[in-house]
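Presented below are the structures under discussion, each in the form of structure tokens.
What follows is a pair of complexes built around chain A, which joins chain B in one and chain C in the other.
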Partner chain A sequence: MLLKIAWRNVWRNRLRSLVVITAVAIGVAALLLIIAYFQGFVGTYVNSVIHKELSHLQIHPKAFLRDREAQYFIPQSDALTEKWIATFKDETTGEPLIKAISARSQAQGMIVSPKASRAVQVYGVKPRQEKAVISWQNMLKEGVWFGESQKKHPIIISKKMAGRLQVKLNKKVVLNLVSAKGEVVSGAFRIIGLFESHSSKRDEVQVLIQQKDLNELLELPPKAAHEIAILLQKPGALEKIAESLKKQYPDWSIQNYKELAPEIQLFDSQMLLMLGILIGIVMLALIFSIVNTMLMAVLERYRELGMLMAIGMNRLKIFGMIVWETLILGTAGAPIGMLLTYLAMQQLGTKGLDLSAFSKGLRAWGFDTRIIFSLNPSWYWKIALTMMLTALLAALYPAWKAIRFKPVEAINKR
Partner chain B sequence: MSLIETRQLTKTYNPETVPVHALRGVDLCIEKGEFTAIVGPSGSGKTTLLNIIGGLDKPSSGQVLINQTDIAQLSENQLIDFRRDHIGFVFQAYNLIPVLTARENVSFIMLLQKRPAAERKARAMELLEAVGIAEKADVRPIYLSGGQQQRVAVARALASRPDFVLADEPTANLDSVATKRLLDIMARLNEEEGMTFIFSTHDQRVIDRARRIIRLEDGKITQDETP
Partner chain C sequence: MKKQKRTTEPPFLPLLAWRNIWRNKRRTLITLLSVFMAVLLSSLMISIQQGAWNAMIANLLNTYTGYIQIHRKGYNDNPSVNLSFQASQELIRKIESHPKVQIALPRLESFALASTENLSRGVLVLGINPEAENAITNLTARISKGKYFAEGEKSALLSDSLAAHLQLQPGDTIVLLSQGYHGMSAAGKYSIAGLVHFPSPDINRNLVLLPLKTAQEFYGTGNRITSLALFLDSDSDVEKTAKTLQNQVDTSQYEVLSWTQTMPELVQARDVDTAGAILMLAVLYVIVSFGIFGTLIMMVRERIYEMGVLIAIGMKRYLLGIMFWLEITFIGLLGAILGMIASFPVVYYFHQHPINMTQLSSDATAIYERFGFEPIFPASMDPNIFVQQALFIFLITSIMALYPFWTLKKLKVMEAMKS
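Here is the complex of A and B:
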């Protein structure tokens, strides 16, 4: 009966209750969509970092990372990568934990065109391996990938770099590098492709040639590499594989993508902080709105509440009735807000939100311009609990106020 | 042994600023089965006396014994339970719960007493029939006339099987027909079931039906007669 009275009391002033319920629904939907946006924002960035730049794990000789000299390389990289693919398998299914590996050579140097020159980071890649690890097919905007052109000594550079060097497809550029023996070497390459990555900073320095060409130029053994990038089938196996490799190869640096891109952890922690602040602000606004409405409802029923106490309804029951009313008022909007979020996520979770209007700023920081919203389902019940807590907190003052009424004063109020 | 007994009852409002002496030593005994009207001009202390007898207010001094229980000594929470189980209230402004139907209003107090659902339902209907409003059992107060609402209030007052019913100006908002009908019902319940009714009233129609009239003036009983 108490719940029935509370329910009917909520609907005594239909418009006022609907305003609060709508406010709660909008608040819940806004909160969930903001969470989905943040998660999608960071998720899209992490996804870009993994699939377009770093992969899950990278292995370098520690000396190479320190001095960046070609002489510090991983020998027999082919044999190693084959061994790792065969070794790291899922204990239950026996499936390989590693999806793809790319062994790369690296060198820093200058790229020169007839009209300009730039400092570059040259990556020598095995075309098939590299394409399996990094989504170059999505980033290659003009021209073709290695192996799809008959041209000798092909090179792929960014569109931005091409603009800076004032060159086009099929034009020649020259790379000036330092070999493993410390001598300045150079080679001419023909541009077969132009790429555009998610990061404009990367586009300013990275160029790709085939590993065999780079190793020949640097006077390295054919199977030497400075960097091995590993893409995992199951990201959950990351720590296990990293630990195992660290034990086996103490002279090499084994770094996961979070160590290679520390800003990811910063984003994670900042996102949590921002969400905490946002949830707090929305809760506070809703608490005030609900308290205001419930206080009005309680004060309007001064005489009625006094009468209830007069005829024998004790304070605990009065308190309970007001708490029930507030809970109904505070939580009725939550399922509506969740439904709105669910419907919005059908679009935003698949097609995402196009932020190309801000593409310059986003690409400068390595972000994609389309954010695919992502919402962990656990947020639905977390927000539901938060709303219940909000309503409960909002109930306390009006309920306390109600039980402070003196029946004799309430009844005789004219 | 009296049903209600007050001994040297006083009530002073604002004792430390501008004292207003609402009751000045009221001694009163009311027996079971009485049909009593407390009358007097405005400000004479009628409502104060009724509030104190009903456990809604505490006296400044003196005793209020109801079935030998001094209710002035009970705590607030004990008083709420005492009122629920021993006293029926009929208010001038009816004060029904607007979101409940007539039957639910009558049942409500029995729910507070934790009576079984079947008993609640049966007694509520029985009482609504007794006050002649059974056909409106499932109607909310807003759709009832003043007289009908007051009859539901009487049914509610009786639902808890109280020792007596206190009615504060019960006919003040009713027309002659509704007043007559309400008084007929109360008089019948008094005569047939022995229910004790105590009214505070200005209404001559109520005074004419009362079997005992207590007149208050300036907080004192100036007349106590049985016509």
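Here is the complex of A and C:
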């Protein structure tokens, strides 16, 4: 009954109510979309980091992490990877938990072309395994992957590096490295492919050659590796596998992508903090609108309210009526805002937002230029609830004002 | 009938408008408060955001890259010692004669493989004129260990992260290998004079400084250099200065580039961040605008009778419209000005005592380092920031003023006086 009266009262001044409802709708939609943007941003980033750079787990001999010398390697990396894929299985389904493993050898050195030279990080990879762990097929822009070319001693470099070295596909470059025995060695390689990743910083230093070629240069056994990267089927198995490996191989450092890229944790916590502040600010701004409107609505009806109290409507009911009115005013806009968000997400959640105008700046920090918005459905309810609480808070002052009228004075006041 | 001559003065609208605002104190105060809050928050947020970026860029420009660089034509796209040039006295004189140019520092820059007994690393080698550089960038103040070097010595300064990685101390020897001018091998042994700390973590990881002549000897470039780094007396008019200098040099041989051209990714990164901040502000302002509009509607609606009477006794409708515009603009601007005033002490405080993220959270340091950002945020005192907020509010209220004009146009005097 009270609700019905409250509803009708809201619409007595249609334009004024519509203004507040629109403000709420816009506020809610804006908040949800900003949340979706940031979730999408972080999600895309984490995904990129895992599938294009770090994988879920990385294993290095502790001595190698400390000194980066070729002599600290993992022997028989082949046998190990096969063993791990076979051992780590889901307890219920029996499915392997590990999707793919890539064992790589690594060295620092110089790449030299006829016109220029550059400092580089050289990765010796096994073609099939590497491609299964890191999505090179997406990043390879020109040329072919290892195994598809007949050239001896192939090398794949980034387009940026090719530009700096002033070389093209099929040209030769020379790599200068320091071997396991501490001697400077060099080898000639032919460029068979050019890649472009999401991080221009990485592109500037990373080059790929075949593991057997690198190990030969470094004078290491052919299956030696300095780094093993593991890609899981599902991220949930991460802790278990990491723990098990740490126990089995105490001399090796086992790190997950969050430890290797600590900025991911920063994103998460910063994002929550910022969203919290943003929600607070938007709600605060909306409170002003609601209070202002409701206050006017109450004060201009002082005669009517006085009359109601005079004929016996108890003050609690009056308070309740005003609170209902405020709730309606405050929350009517929320579903509209959510609908707007839903519609916008159809486009933004699938095709995403193209920020290629800022591509240089984004890639310098390792961010993708296309952000796919992602919104956890629980946010819809969280925001709706927050809106309701905000409206309730906004109701207090006007409702209190409403019950303070002295009926006799109110009726008689001019 | 002859038009009657006006015998009274037209009303002084601003005074009327001001008085009218205060007829409903509570409503005016609430609306004021919302504008105040929005302007306060926006000013704070933008000053910190701009301040942080300005500090980071100024740091980079003043201690390392300079504001403008002059290279051999084509060097920026394909940096290489083969595109080195001889900087004639005439060229340098012409450049330094520009009023904004403090000094043009000669530099030789390229890559090398740095090795110790067991470790090696790719590094950036920068050949500098020790005295001239120090005079401008105050390099000696940033020496964390050891001492500075002098021109012609076979000694090097290492950035401290690099030294830590290679496990080197002042007094140790470092070997550099590279490809020099026209492909000749470059190899040299240098003793480490000292370690230097750079605020930018990126630079701090990979830099080896050599005296210019030593670097030229290493790369076999003779007395050629790869760049002239220009340091200006202030960060204003950088682009204009670059253009002027461009016109003065032989453009078939040289290119004159400002830092926005040599580091476009920095400009874009700042733009993206700024765009994000502005977007959030826009949301805030949209909501506040609705609040102001609501107030305006109420103001107009409840005074229909009064407006009817005024028009009936001869007041021009458009004058009433202007009065409403003044009323709503006063509220907006008053809120904005109060917001600006309130933000000053806070902004000033953070200008003098920049927010140091490392104190707030220890993870923050490692993380900002990965992005090459020093985690210190001063607030910017740029008056533009504050003025922009006020202008924005002014714009919003002026657009909204169309509503009362429209209402007044439609107003039928007899109906109005019956309400």
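Methods note: the second predicted complex is superposed on the first by the 414 of 414 C-alpha atoms of A that agree within 3 Å, B and C clash if a C-alpha of one lies under 4 Å from a C-alpha of the other, contacts with A are read in each partner's own complex, and residues count from 1 in each chain.
In the analysis below, a residue touches a chain if its C-beta (ideal position, glycine included) is under 8 Å from a C-beta of that chain, and two chains touch if they have at least 3 such contacts.
Small disclaimer: the values here were computed from a predicted structure and weren't measured.
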Between chain B and chain C, more extensive residue contact with chain A: C
First (chain B), second (chain C), both or neither touched by A:176: second
Which of chain B and chain C A:65 touches, first, second, both or neither: neither
Chain B versus chain C as contact partner of A:314, first or second or both or neither: first
First, second, both or neither for A:166, with chain B first and chain C second: second
Chain B versus chain C as contact partner of A:117, first or second or both or neither: second
First (chain B), second (chain C), both or neither touched by A:5: first
Residues on chain A lying within both footprints (that of chain B and that of chain C): none
Complex interface listing, chain A residues touching chain C: 13, 15-16, 19-20, 22-23, 26-27, 30-31, 34, 67-69, 108-110, 112, 114-121, 163-164, 166, 176, 178, 182, 184, 200, 205, 261-263, 265-266, 278, 281-282, 284-286, 288-289, 291-293, 295-296, 300, 355, 358-365
Chain A partner contacts - residues on chain C that touch it in the complex: 26-27, 30-31, 33-34, 37-38, 41, 77-80, 82, 110-113, 115, 117-124, 177-179, 183, 206, 264-272, 279-280, 283-284, 286-288, 290-291, 293-295, 297-298, 301-302, 363-364, 366-367, 370-371
Footprint of chain A on chain B - complex, ascending: 47, 51, 54, 56-57, 76-77, 80-81, 83-85, 89, 91, 93, 95, 97-100, 104, 107-109, 111-113, 156, 160
Contact footprint of chain B on chain A as seen in their complex: 1, 5, 8-9, 12, 303-304, 307-315, 317, 407-408, 411-412
